[in-house]
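Each structure below appears as C-alpha cells.
In the two complexes that follow, chain A is the common piece, with chain B as its partner first and chain C second.
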Partner chain A sequence: MKRKINRSLGGTIALFLFIALVGAFMALPLIFTVNNAFKPLDEFFLFPPRFWVRNPTTNNFADLFILMAESWVPFSRYILNSIFITGAGTFGHVIIAAAAAYPLAKHEFKGKAVLFSIVVLSLMFSPQVTAIPNYMVITLLGFNNTYAALIVPAFAFSLGLYLMKQFMEQIPDSLLESAQIDGASEYRTFFSIVMPNVKPAWLTLAILMFQQLWGNTGGMFIRSEQLRPLNFALLLITQGGVPARAGASAAVGLIIMSVPITFFIISQSSIIETMTTSGMKE
Partner chain B sequence: MRRLKRARSATYVLLAPYFVLFFLFTALPVAISIFFSFTNFNMLQAPSFVGWGNYMRLLLDDDIFIIAVRNTLIFAVITGPISYLMCFMFAWIINELPPKLRSVMTLIFYAPSISGNIFFIWQVFFSSDRQGWLNAFLLNAGFISTAIEWLNTEAYVLPILILVQLWLSLGVGFLAFIAGLQTVDKSLYEAAAVDGIRNRWQELWFITLPCMKPQLMFGAVIQITMAFSVSEVSIQLAGFPSVNYAGHTVATHLMDFGTHRFEMGYASAIATVLFLAMILTNKGVQRLLRKVGS
Partner chain C sequence: MRKRGKFSLSLRGREAMLGYMFIMPWLIGFIVFFLANYLHTLRMSVSSVDMVAAGGYDLSFSGLENFRHIFTEHATFTRVFVESMLGILVDIPLIIFFSLFIALLLNRKFKMRGIVRAVFFLPVIMASAAITNAIEQSLLMVMGGLTTMPPEMQQTTGLSVQSIAVLLANFGLPLQIIQYIIGAVARVYEIVRASGVQILIFLAALQSVPTSLYEVAFIEGSTPYEAFWKITLPIISPLIVTNVVYTVVDRYVTSAVVDMAYESAFLHWSFGVSAAMSVVSSVAVLLLLLMVCGFISKFAFYHT
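Moving on, here comes the complex of A and B:
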C-alpha cells in the first residue's frame, strides 16, 4: 500500500497515544468478562472484589457442561434454534431492507419522501410501549410460539433501511446509468452493482442484527422448550441465586459474548480488506 | 442532481416486501400506542377513551415528570453532542491506523456495546464503602476522610450517569462512521494534495466530511435517540427509583408506568411526548448538518 499523503509524524504519534489510552478504558468489560470466566469459586466472593484472576481454572466450564447435560431438551437443540433464528433474521433483514433502500435512494416515485421519513421517525418511538401492540399483531397473525415471531418482525426493523439508504445515496448515478445502457435489469443492477458498492454498509448491518438476534431470549413469544434460543437456556442456568453457580454463570457470560464478537471480527476485517484500496468510484 | 428514470414495476417489487412488513410490525404498533395515549388502559380491561386526559395530567399534575424532563434535557444536551463527536472522532482516528490494527481497535472501542457485565465495573468503581475503587483511592491519597456514597448522593448521581453513558455511546453510530470512512473514494485525497490541501485537518473538513454527509445524518438520528432515551444506565447504577429521583429520566418514568403500574395509556402518552421532542431536535440538527463542509 502507498504511504498516506499529508501526514505529519508528530500528529500520528499523538493520535496513536491518545487512542491507546482511551482504548484501555473501553476494553475493560471485555477483559473483565474473560477474567471472570476463569476465576475459581472463592475469588468471586472476595472482598474487595478483584478485577484480575489470581489462580485461573477451567472448572467453571466443566460445571457448566454438567449443568447443560441435565437440561431436558438436548442442548444442541437450543444451539440450532439460535443459529436458525439469528441466521434467518440477519440474512432476511439485510436483503429485504437493502432491496427497499435501493429505490428509495435512486428511483423517483410518488410518496418517496413520506415513506422514508416514516421509517426514520419510527426509530424514535420508545420500544417499551410498542411491545404490547406488537404482541397483539404477532398473536393475530398466528406467529405466537413459532420461530416466525422472532424472525419476521426483525425483517421490518427501521435501522437497516435507513443505514442502507444513506450509503446507497453515495453511489454515483453514472455507474447505474452505464449498467442500464448495458441492458442490465433493475434486479441485476441491485445485486451486481449496488450491493458490492455498499459492502461496508451491509456487513455493518449484519453485525448489528446478528448481535441483537443472538441476544434474544425468546421473551414472551416462545413458550415451547424445543423452540427456545440458546441464550434463554444459558441464562436459566445462571439464575436462582445459587452461589455455587457463580462460576458457571461467568462461563456463560464469556460464551454468550464470544459468538457475536467472532462474527464482528470476521465482518469488520472484510469491510476493511475490501475497501482499503478503492472506495466508491465513478 | 439528476435522478434516474426507471421502470415503475421494479421500484414497487423492491419496495413491497419491506414496507408490508414494516407497516405491520413497526408502524402499526406505533400507531396503536399513540391511540392508547388517549385512553385509560390497564392491560386487563379494554381501553376507555379519555381524550387529552393523560396529557393534561402529565404536563400539569405530575411533579416527578418535570424532574424527569429536566434530567433528560441535561442528559440530551451533554451526551448528545459529545457522544456524536466522540463517535466520529474515534472512527476517524481508527481509520488513520494501518488496516490490520483497525478491526482490532474497532472491536475494543465497540466493546462496551457488545459485552455483558458492563455495569459491574462501574458499580465496584463507585461503590459507597471504603473498598470501592474510587473511595479507596481518594482515602489513600488523603483527599477525603470518610467514604462517599457516590450513587446515593443527589449531586453526584447525574454527573456519574452522564460519564458512564458517554463511555457506552460508541455503538451503532460509531460503526456506521467506520463503514462510511471506508467508502470515501481514495483518489480524492490524492487529487486534493495536488490542489494544495496541506494537512489531515484540512483533508477532514474539505473532503472526508462532505463525502460522509449521509452517514453524518444517520449518526445524528441514532445519537439523538440514544441521548433522549437513557434508562438502563440509570436503573443499573442509581437504582430505581434513584435517590430523590436524581437519576430519573423520561424513559425511566415511562417504564415506571408501563411495566410497574400497568398504566399503559399514561405510559403511551409519555412515549408520544418523548417522540415529539426527538422529532423536533432531529429537525434542528439535520438543518445544522447541511452546512458541514461548506
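Moving on, here comes the complex of A and C:
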C-alpha cells in the first residue's frame, strides 16, 4: 500500500522551506495576537513597538475575567448563546444543504436544471446589498430579536448546496444502484452511502459555516442583552476604555480566535482518508 | 418488498417525488430568505426610492433611470466596475494554481499536518468581522493610535513591484505580460489570503481520489509526475470548476464595486442607484462566470 516515492533530499528540503515560509507569513497575525495577549501593560506602549513579548503575564486574562464578572447578564449566558447559534446553524445547514444536493446531483426530475441555475445565480448576490429586504423578511416572519434570525437563514445558504452537489456528482452511480438493489431506501442510501462518501466535503462545509456563525455579533437583529452572542459581549469590553483595556482586548482576540481554530483542527484530523475510497471499486 | 399505496406512481415518478422531498426544506428557506430579497433588489433598481418622514420608503417606477444614472452621470462607477471585473479575471488563475499547489503539498503525510493545515486556513478565520475588530483594537493601541501597518505593507510591495517591472522591461518582454506579472506580485498577499477555502476544497477533492488507481499506476511503472497529470488532475477537474465558481463569488463579494453599492445605499441613501449597481455587477459577474466555466468544463472529466 505505502509506496516510497523517490525524491531527492534537496527537493524535499525546498518544499519544506516553501511551506514553512508561506506558513510563517500566514501565521504572523496569530503569533502577534498570542504575544499581545500575554504582554504586560507597560510593554503595550513601548516605542518602537515590540513584536515579541518580554515578560509574559496572565494579567490580561485576569483583567478580562474581572470585566466579565461585572456584566449584568451572566457571562455564561453569552457563551451558551454563541454555542447554540453556531451549533444549530452549522448542523442544520449541513443536513439541509446535503439533502437538497443529493437529488440535484443524482436524480432526474422536472425543474432540476432551472433549480440549479437559480442556485448558481444566487451566489452572485452579496449579503450587504440585500440587507434591507432581508431585514424586512426577518421582521415579517417574527424572527426579529430571536435566535432564529441568525440560525434559520443560515440553513438556506446556497453556497453549501452548490459545494455538496459538486462533490456528490463524483460518487459513481453504480454504487448507489447496488445499494438500491440490496434494498436500501433513499434515506438509507443517503445516510449510509452518500454522506460517508462525501465526508471531506461536509466537514469542509461545517468548518465554513462554523466560522461564519461564530464570527457573528448579532448585528441589527438581536437587541435583547440575554440573547446576544459572545462576540458582541467581548467586543463591548474591548471598546470600553482605550488605554486601560489594551491587555483585555488582546486577550479577547485570542479567545475569539481559538475556538474556530480548534474546531478546524479537530474536524480536519477526523477525516480518515482511505475510508472515502473503500466503496468505490468499479 | 416495497408496498405500493393507493396512489401508485411509476418508478420515475416516485424518484421525482423523493427528489422534491429532499430538496423541499432547503427550497422553502431559500425562497423566503433569499429569492424574495433578490426580487426586491431587482424592483428597487427600476424604481426611485423616496424616504418617507413617517419611516420606511416609497417605491415609484422610474424605468431605466437608475441604470442611465450610474453609467452616464456617476463619477466613478464605470471605472470601479471595470477594474473589479478585470481584477476577478486576473485573480482566478493565480488563486487556483496557488491553492492547488498548496493542497497537493498539504495532502502528504507529515507530522503535525492538522496544525499546518490550520495555519493555511487562518486567513479565513481572521477575516471574520469580530476577530479583525478585536485585533485592530489592540493593534491600534500598540501603534499609539496610528494604523501604520497597512500603508507600510503597500509601500514595500510597491517598491519591489517597481524593481521587477524595470527588470522585466530589460528582458524585452511584451507589456501585457509584464503588466500581468506586476499585478500578480502586487496581489501576492491578497492571493495568499484569499486561498484558504479553495485549499480546503482541493484537499477534500484529493481525498476522494481512489488510492487503488495510484497503486495500479505505480505497478505499471508510472512516475509521480505522470500520476499527477493522468490520475489526480482529471479526477479533481470537476472541482477545479467548483473552485473557480467559489473564487469568482468570493472575490466579487469583497470587491470594490460591491463596497460602492453598499456605500451608495447606506452613506448616500440612494437605494435605487445602489440596487442598480448591484444588479449590473451581478449580471456581469454571472456572464464572466459562464464564460470561464464553459472554457474549463471542456477539459473537465466526469465519471459518467
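Methods note: the second predicted complex is superposed on the first by the 258 of 282 C-alpha atoms of A that agree within 3 Å, B and C clash if a C-alpha of one lies under 4 Å from a C-alpha of the other, contacts with A are read in each partner's own complex, and residues count from 1 in each chain.
We take it that a contact is a pair of C-beta atoms (placed from the backbone, for glycine too) under 8 Å apart; a residue touches a chain by one contact, two chains touch by 3 or more.
Owing to the predicted nature of the structure, the values given are computational and were not obtained by experimental measurement.
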{"item": "Chain C versus chain B on the shared chain A, clash or fit after superposition", "value": "clash"}
{"item": "Touched partner set for A:F44, first chain B, second chain C, both or neither", "value": "second"}
{"item": "First, second, both or neither for A:K110, with chain B first and chain C second", "value": "second"}
{"item": "Chain B versus chain C as contact partner of A:L176, first or second or both or neither", "value": "first"}
{"item": "First, second, both or neither for A:A62, with chain B first and chain C second", "value": "neither"}
{"item": "Touched partner set for A:I132, first chain B, second chain C, both or neither", "value": "both"}
{"item": "Touching partner for A:S249 - first (chain B), second (chain C), both, neither", "value": "second"}
{"item": "Which superposed partner A:T12 touches (first chain B, second chain C, both, neither)", "value": "first"}
{"item": "Chain B versus chain C as contact partner of A:L80, first or second or both or neither", "value": "neither"}
{"item": "Intersection of chain A interface sets (partners chain B, chain C)", "value": "1, 5, 15, 18-19, 22-23, 25-27, 29-30, 32-33, 36, 47, 49, 96-97, 99-100, 102-104, 107-109, 115, 118, 120-126, 128-130, 132-134, 136-137, 141, 152-153, 155-156, 158-159, 161-163, 166-167, 169-170, 173, 186, 190, 197-198, 200-201, 203-204, 207-208, 211, 253, 256-257, 260-261, 264-265, 268-269, 271, 273, 276-277, 280-281"}
{"item": "Complex interface listing, chain B residues touching chain A", "value": "1-8, 10-11, 14-15, 17-19, 21-22, 24-30, 32-33, 36, 43, 90, 93-94, 96-97, 99, 102-103, 105-112, 114-118, 120-121, 124, 131-133, 136, 167, 170, 172, 175-176, 178-180, 182-187, 189-190, 193, 197-200, 202-203, 211, 214-215, 217-218, 221-222, 224-225, 228-229, 251, 254-255, 258-259, 264, 267-268, 270-271, 274-275, 278-279, 282"}
{"item": "Complex contact set, residues of chain C against chain A", "value": "12, 15-16, 18-20, 22-23, 25-30, 32-38, 40-41, 102, 105-106, 113-126, 128-131, 133-135, 137-138, 141-144, 192, 197, 200-201, 203-205, 207-212, 214-215, 218, 224, 235, 238-239, 241-242, 245-246, 249, 252-253, 258, 261-262, 265-266, 271, 274-275, 278, 282, 285-286, 289, 302-304"}
{"item": "Sites on chain A touched by chain B in the complex", "value": "1, 4-8, 11-12, 15-16, 18-19, 22-23, 25-30, 32-33, 36, 47-49, 51, 96-97, 99-100, 102-104, 106-109, 115, 118-126, 128-130, 132-134, 136-138, 141, 152-153, 155-159, 161-163, 166-167, 169-170, 173, 176-177, 180, 185-187, 190, 197-198, 200-201, 203-204, 207-208, 211, 253, 256-257, 260-261, 264-265, 268-269, 271-273, 275-281"}
{"item": "List of chain A residues in touch with chain C within their complex", "value": "1, 3, 5, 15, 18-19, 22-23, 25-27, 29-30, 32-33, 36, 44-45, 47, 49, 96-97, 99-100, 102-104, 107-110, 112, 115, 118, 120-134, 136-137, 141, 152-153, 155-156, 158-159, 161-163, 166-167, 169-170, 172-173, 186, 190, 197-198, 200-201, 203-204, 207-208, 211-212, 214-217, 231, 234-235, 238-239, 242-243, 246, 249-250, 252-253, 256-257, 260-261, 264-265, 268-269, 271, 273-274, 276-277, 280-281"}
